[in-house]
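Note that chain A is present in both complexes that follow, paired respectively with chain B and with chain C.
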Partner chain A sequence: MILQQLVNGLIIGSVYALIALGLTMIYGVLRILHVAHAGIYALGAYAGLVAYGLSQSFLLALLAAMVVAGAAGFGIQRYIYRPLFGTSPLVPLIASIGLFIFMEDLYRLVFGPNIIPLNAVWPSFALEWRGVKVTETQLVILLVTGLLLAFVWFFTEKTRLGLAWKAVAQDLEIAQAMGVNANLAVASNVVLGSVLAAAAGLLVAANYNEVYPTMGSVPAYKMLAIVVLGGLGNPVGTVLAGLLIGLVETLVVAYLGYKLPRDAIAFLALILVLMLKPQGLFARKGGG
Partner chain B sequence: MRVEAGEWVSIIGANGAGKTTTIKTIMGLVTARRGKILFNGRDITNLPPWERVELGISYVPEGRRIFPELTVEENLRLGAFRLTNRDPRLKEGFERVYQLFPRLAERRRQLGRTLSGGEQQMLALGRALMPGPRLLLIDEISMGLMPLAVNQAFHSLWELNRQGMTILLVEQNARKAIGYATRGYVLETGRLVLAGTAAELAENPRVREAYLGG
Partner chain C sequence: MLLELRGVKKHFGGLKAVDGVDAGLAEGEILGLVGPNGAGKTTLFNTICGVYRPTAGEIYFAGRKISGLPPSTVAGLGIGRTFQISRVFKQMTVLENVLVPQGLLFYNQPWRSLWHRPGLAEAEKARRLLQRVGLAEKVGLTAAQLSLAEQRRLEIARALALKPKLLMLDEPCAGLSQEEIRAFVALVKELRQERLTMVLIEHNMAVAAELCDRIVVLSYGKKIAEGRPEEIQRDPAVIQAYLGEEEVERPVRASIR
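Right after this comes the complex of A and B.
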């Protein structure tokens, strides 16, 4: 029983990790709390919904979601954040919140206010081992998040562009003076972050079989909590914090029931961490 | 203002005279409000900094500004960011810098923030040398360094200049800046007020009084 809960918790946690990782990457290079990231998450679900309806292929739906979200992310950094560069940090934050509200209402206008089921159909390949069951959807989630996390790791640690992201995150001005094309570094980073959010959105839509305009609202707050827990701008810490929150939520619900609302747990953790270790759970000693 | 190939030109001036702004404008980090910047006869006034790097301009910033959370090797790699991993000039760059500063080779895998001030200055200079630049822009190389490290830094520059590197240096330590230079300029509240060879400046009564301590 506990093993089953651990598996469930890690799987939902891996989705949290995916969406929060995108947010923390974008914060790293732009120093903007990109609240509209949750709008991109819902956009991924809607784009996937439409593409799945047309193609009946989850793989194509996933690709479509990532392409649409990547393009939207590019547009947001190019036409909203870049013109606001150099203003007080509050200005892009407010712009981001406004954009998020706009996106939710746009989805309502286009797709209506109701929950639309995704109805993804898989070939059956559920696993069962000693009573621990992993459903088809869960396996798909594990596979996709695992691949994407590995891809991001490879990209940031092993490529020139990844090095450019780190340099921009640490010192934008000097990175440019070393020959890093700052526009390209920022744009590529936001595009990849948005791709992760879109994948997370579609995976969650598949998991609960629902797509609706405000599906990004709770993740919007939760991803902020996770990113702060992980130490703002720290990708490894963020992934760990995402997994941790997924686990704790699942275990609390399983063993304490709904006395404590599931979605409150991340914030409880956030409050505790802010009080006891404000630099985040996984902050490095002396690191900035 | 002019800098000829192979020269060492120093700009001296008090705090707030516009020395750093001058250097940053040449690097492209500050936009020029008026006037033009020519490099090898080409107008670069509107080029972004990363394209100026490609033309052969390198920058050693005030306060060193090495990347604290990157290793020494990664810092140097960034200095030659425009070169792809397969470019033979990248390997040459590493060899050149490690030969000039063997200490950096020893500390290759250490994070930038764990280096001493003098080592960080070596790293900032080495990073700027990685792409094999034609012009080195140097902002306050002596700032925050112990006298011994200041001497070492100036000695490294002297050696580079002797081998043909063109240097434009801004510096509050006027004595050293003029002592090593071919020519110099004096900047006061954003204006060039004096220009001359290093010897002329060193003899100038105004410079002597204001910058060389009488």
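Right after this comes the complex of A and C.
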């Protein structure tokens, strides 16, 4: 049933795209590999869990997750990355890794080490067409990721803010000389990236019906692989790479079984790409 | 006075890049900033534009103290600049390069910048500026595809998009051919007719003399001369600063002989 596998692969891939897109946006503007992005992803799941418990509304849970994560992203940028600006790139990277470990332990302290089910329930509206089944959760994932990706596209390509992000990403000093408020551009970028990670975290939690402290660990590594595959700092390439990895993973597991751990595939692809085309699968021509 | 520097100093550790410069600039005037390499011209530029906070001294622009303000605020107050090594946004189109500074109004208003789309009127404004610097046909190209002279012109269009009261050009002729320099001189003369105030860092004395109303000469971070171009060219201190090395060399050679 190849069609079913393609659908499943694209849906999981769209979630990968969402996490990795946030990371690549932040890298593009801050030039920091924001490893703690995966901590924000888990934060989104926990915030959503709490909000869902209180409201029994997935929409409210999603909004709460995005607001909490956006605020956390703002704080990280303002109080950790901004003071480290101008240091060697290793310093914010190490700070980011430390922050990620801290966040995982914080979730363990607050929510305990065990898996907590999200138990999201929605009206049944599963689709079935010629044997291809799309579950309710999958439809929600598709809808939310689609909307968010469209939003991001709109912001980056059509608004002042997107232009300011591009300008800061290309040359911070010039952007400032042209009147771009760099602090604002960077902060808004990190906030939006964090919102995407939180949405992804909650969607994955709903899909597997589990929230746990280290749920960000595997995505942390996988998103790095996807971002490099997509050509670091290239949003379109990153979305394509995310979809591709989701597809390949699903197809490999479906047709080869678990001879190869699912989570290893992104890294095999990464190793191959780094050997054969180190600028990334979707590097833009003439990009520097 | 549109721009006034009072005892401006910028030190980097022990290096006194700018060491107590006083200068003033009246509206409509073109001031040349000349001096040997390492004299502190670009550092002074960057200090005026807010890239550096002065170690000491004050800078006033249109009656307001601007020293210590961030560069984006200084740009917003009406100081447009170009850079020594041409630095356009290489991966953007020529048009987008000019749209960035045109968004000035919005960059301090997150909510408006979030929804505001640069519309047709904005693009038309940008096109007019590009036409003015002679890049009308290049609007859709990526900036990296432009020649050096064209990138310099794009930088000027970009700075003009800020609607500046003061335009600061950092060695705009470096690396240009004679013909391109002539075209640049013509462009600056056009801007002068519109009474745009300018500061020009220029190595080429002939260009500086032709364009500038007044010239300030820097050497080792200090102002060593100021005056009309013809006065400056005769000033012994200036000749010393520019040709000093040769004067030292001559006796050495003599002694070898």
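Heads up, the rule we're going with is that the second predicted complex is superposed on the first by the 288 of 288 C-alpha atoms of A that agree within 3 Å, B and C clash if a C-alpha of one lies under 4 Å from a C-alpha of the other, contacts with A are read in each partner's own complex, and residues count from 1 in each chain.
Everything below uses one rule, namely that a residue touches a chain if its C-beta (ideal position, glycine included) is under 8 Å from a C-beta of that chain, and two chains touch if they have at least 3 such contacts.
What you see is a predicted model, and the numbers here were worked out from it, not measured in a lab.
When the two complexes are overlaid on chain A, chain B and chain C occupy overlapping space and clash. Shared-chain residue A:Leu163: touches chain B and chain C both.
When both complexes are overlaid on chain A, the residue A:Ser188 reaches chain C alone and has no touch with chain B. If you count the residues of chain A touched by chain B and by chain C, you find the higher number for C. After overlaying the two complexes on the shared chain, residue contacts for A:Leu142 are found with neither chain B nor chain C. Of the two partner chains placed around the shared chain by superposition, chain C is the only one that A:Phe155 touches, whereas chain B remains out of contact. Applying the stated contact rule after C-alpha superposition, one finds that A:Leu84 touches neither chain B nor chain C. Common to the chain B and chain C contact sets on chain A are residues 160, 163-164, 166-167, 170-171, 173-182, 286-288.
Those residues of chain B that touch chain A in the shared complex are 27-29, 48-50, 53-54, 59, 61, 65, 67-70, 74, 77-82, 84-85, 113, 127, 131. Touching chain A in their complex are the following residues of chain C: 49-51, 70-72, 75-76, 81, 83, 87, 89-92, 96, 99-101, 103-104, 106-108, 110, 112-118, 142, 144, 158, 161-162.
Listing the residues of chain A that touch chain B in their complex gives 160, 163-164, 166-167, 170-171, 173-182, 286-288.
Interface residues of chain A facing chain C in the complex, by the touch rule stated above, are 155, 158-161, 163-164, 166-167, 170-171, 173-182, 184-185, 188, 284, 286-288.
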